[in-house]
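First chain written, first letter: the chains are A, B, C, D, E and F, and each begins at residue 1.
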Amino acid sequence: MATVPLLRDDQLSPEAAEVFAEIRALRGSDYVNDFWRAMAHDPAGMRALWDRLRVVMGPGTLDPLVKEMIYVAVSTANGCGYCIHSHTAAAKAKGMTAEQHAELLAVIGMAMQTNGLVQGLGVEVDELFKA
Amino acid sequence: MATVPLLRDDQLSPEAAEVFAEIRALRGSDYVNDFWRAMAHDPAGMRALWDRLRVVMGPGTLDPLVKEMIYVAVSTANGCGYCIHSHTAAAKAKGMTAEQHAELLAVIGMAMQTNGLVQGLGVEVDELFKA
Amino acid sequence: MATVPLLRDDQLSPEAAEVFAEIRALRGSDYVNDFWRAMAHDPAGMRALWDRLRVVMGPGTLDPLVKEMIYVAVSTANGCGYCIHSHTAAAKAKGMTAEQHAELLAVIGMAMQTNGLVQGLGVEVDELFKA
Amino acid sequence: MATVPLLRDDQLSPEAAEVFAEIRALRGSDYVNDFWRAMAHDPAGMRALWDRLRVVMGPGTLDPLVKEMIYVAVSTANGCGYCIHSHTAAAKAKGMTAEQHAELLAVIGMAMQTNGLVQGLGVEVDELFKA
Amino acid sequence: MATVPLLRDDQLSPEAAEVFAEIRALRGSDYVNDFWRAMAHDPAGMRALWDRLRVVMGPGTLDPLVKEMIYVAVSTANGCGYCIHSHTAAAKAKGMTAEQHAELLAVIGMAMQTNGLVQGLGVEVDELFKA
Amino acid sequence: MATVPLLRDDQLSPEAAEVFAEIRALRGSDYVNDFWRAMAHDPAGMRALWDRLRVVMGPGTLDPLVKEMIYVAVSTANGCGYCIHSHTAAAKAKGMTAEQHAELLAVIGMAMQTNGLVQGLGVEVDELFKA
């Protein structure tokens, strides 16, 4: 199920094939997940996304595992099942333990709960919290 | 603006006053933010929330700062302005630098973008990603 | 703040004025809230909405107060501050007590929390739950 | 999977059957999609929805294809997989090319990204943008 | 499909097994749904959730069926398919009729629609609606 | 109100100042809206966003006005007030009439409504709609 056909390797444009090669090289795996096979219909958009993704998710002041957990948090709040699964898998590949996964989910659940309470109560932001 | 009046200290039930005292003690500050002044209309619910919140956000296998950033991520995806402001302030109080804040936001933005792309493409979860 | 000017009574088209008169008659109050003053730029859409709203929110197999609480629940999950405030006010006008309001919010918070946990865990629907 | 049984043609109430006939006539196809087979449990609600849908999605100052793309955009942000698939199919039936589809998704992704950045930054609306 | 393996009864920790026993006792059924089999990886979180859930969803000033419908409303706005299915089933088990279900969905749809209109119009909360 | 201070022109880094100059040149206006003054804390992220934004929102197979309306639609579903206001203003600047604005909102409202109905009914995607 998808709104576009998933492209096989032999159906890729040269530009898309180049991104696929970079994905394989960076990940050290031949497997390219289906999101990219769908994105490959827009080679320029795929290139822009891939280039930015490497920068944003790459080394910086935040740990790459922390970044994956933040990604899972956003995807969970947005209800994107694919993104939850793929980035939970990525977090595990980067060392997330079962205990850390459980804590991640507990924090997400707690945030969802207070998001609802705060919105339902309609509380305005305290002056103290403004930068 | 709120859907309930914000309670002043002299309007609190004994049970709510007890939670306020614990909040002040834990934070080492006399300031109690308006969310709790709204929650105080439901002393039992406030007690349950406060007790659970301390556990979930307290020490564990994830760093407390990381937990605050996950909280901000969920709150941002849910568009809860109050929660974004209060937990960004909490993250800064726990040491989040301007660089880390910028990276947090960049990851959130990237996740939001791919959440949209994946959902719009309607891609099903790869077998590989299932636990 | 709005993306369209709020229309005063003397700026209404005849069709919009007719809806305003019906709103005033049904509510037994001269006050027409700002949502309708914004909607009045689209008299036909306003008429369709008002006619349907009266049916959906009117007497049926669910109590009108229950309907207002469901409305608040949806609006809270969607983070629509205006809708939360206006329908909480409507629920209070229909008799919602402070205790019921607190329970409503507790259920919303609980649902938000488990929504996050379930999505993060990626659990598929049990066969038993399918109609 | 559904929370109500999908109704076959021989299970429809006369009022629901009438709407089915109009759907078939307007679309020039015998196929009635499963959403309507679920909605048919509420013939009056189905009638109201169908009547309004034809007006809103019909000819106006916006092109019908543009309307379908707006529909896809909303459905994507809300993560409604069914709606994304059905309205992407409708957009294709109304002439959306692969290039337009890719651009639609790119705009959706961009909007999702800046929605997250703006909310996370907590920026207030510039005076200039208020009507 | 899940991001953690679903635990069978013989894989539960003693603390998780205790919660399972309580779920079975309260529901008068041997069936424990898959959400709990996923949650069982975090026995302490599961215990906290179960204890709070019984209080929030139990007897109070709101009818238990009303609480289930509010739960469905939140879950629908958040697009949590599992939650929608499980709490619709729970509502039916507590006596929700087909007519009530149709009215619940109609109110949800109406709230979603006006949430969109209000947000798109950017209307500020009327002073009258503030507590 | 923001989670970071809004930067004045004299506080910009050279890289951020360069983006501001490009924004002014492209828009033919000295006014730079507050989102960019907040983003300027992350000059590299701001540059990446600005470069991509110009491509995505620029000329292509979709009309720039249509792109702005899609942007408004996503922002409305996500409840991003700032984005709704800024892109509604941008759409008006690109020629969106009051009638088109009303139709845009009507389609958004309709999509929100059926998103809720479809999710609440839990209907699976028809085979026919899969690419």
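Here is the rule we use: contacts are C-beta pairs under 8 Å (C-beta built on N, C-alpha and C of every residue); 3 or more make two chains touch, one makes a residue touch a chain.
No experiment lies behind these values; they were computed from the predicted model shown.
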Exercise. Could you tell me the least number of steps, going only between chains that touch, from chain C to chain E?
Key: 1
Practice problem: Please flag the chain sitting at the greatest distance from chain E, going by CA centroids. | Solution: F
Practice problem: Average the CA atoms of each chain to get its centre, and name the chain whose centre is farthest from that of chain D. | Solution: B
Quiz item: Where the CA atoms of chain B average out and where those of chain D average out, how many Å apart are those spots?
Solution: 33
Quiz item: Which integer distance in Å separates the CA centroid of chain A from that of chain B?
Solution: 21
Quiz item: Between chain D and chain E, what is the separation of their C-alpha centroids in Å?
Solution: 26
Quiz item: Among the residues of chain A, which are close enough to touch at least two other chains?
Solution: 1-4, 49, 52, 74, 76-81, 84-85, 88-89, 104-106, 108-117, 119-122, 125, 130-131
Practice problem: Specify the contact topology among the chains shown, as one of line, ring, star, complete or other. | Solution: complete
Practice problem: Enumerate the contact residues on chain C facing chain D in the complex. | Solution: 1-5, 48, 52, 55, 125, 130-131
Self-check item: chain F residues within the chain C interface of the complex
Solution: 79, 84-85, 88-89, 98, 101-102, 105-106, 109, 116, 122
Practice problem: Please name which positions on chain B make contact with chain A in the complex. | Solution: 1-4, 6, 31, 33-35, 38-39, 49, 52-53, 56-57, 60-62, 66-67, 69-71, 73-78, 80-83, 85-89, 97, 99-100, 103-104, 106-108, 110-115, 117-126, 128-131
Self-check item: Interface residues, chain B side, partner chain D - complex
Solution: 72, 76-77, 79, 81, 84-85, 88, 104-105, 108-117, 119-122
Exercise. Name, in rising order, each residue of chain F that touches chain B in their complex.
Key: 1, 3-4, 41-42, 45, 49, 74, 78-80, 125, 130-131
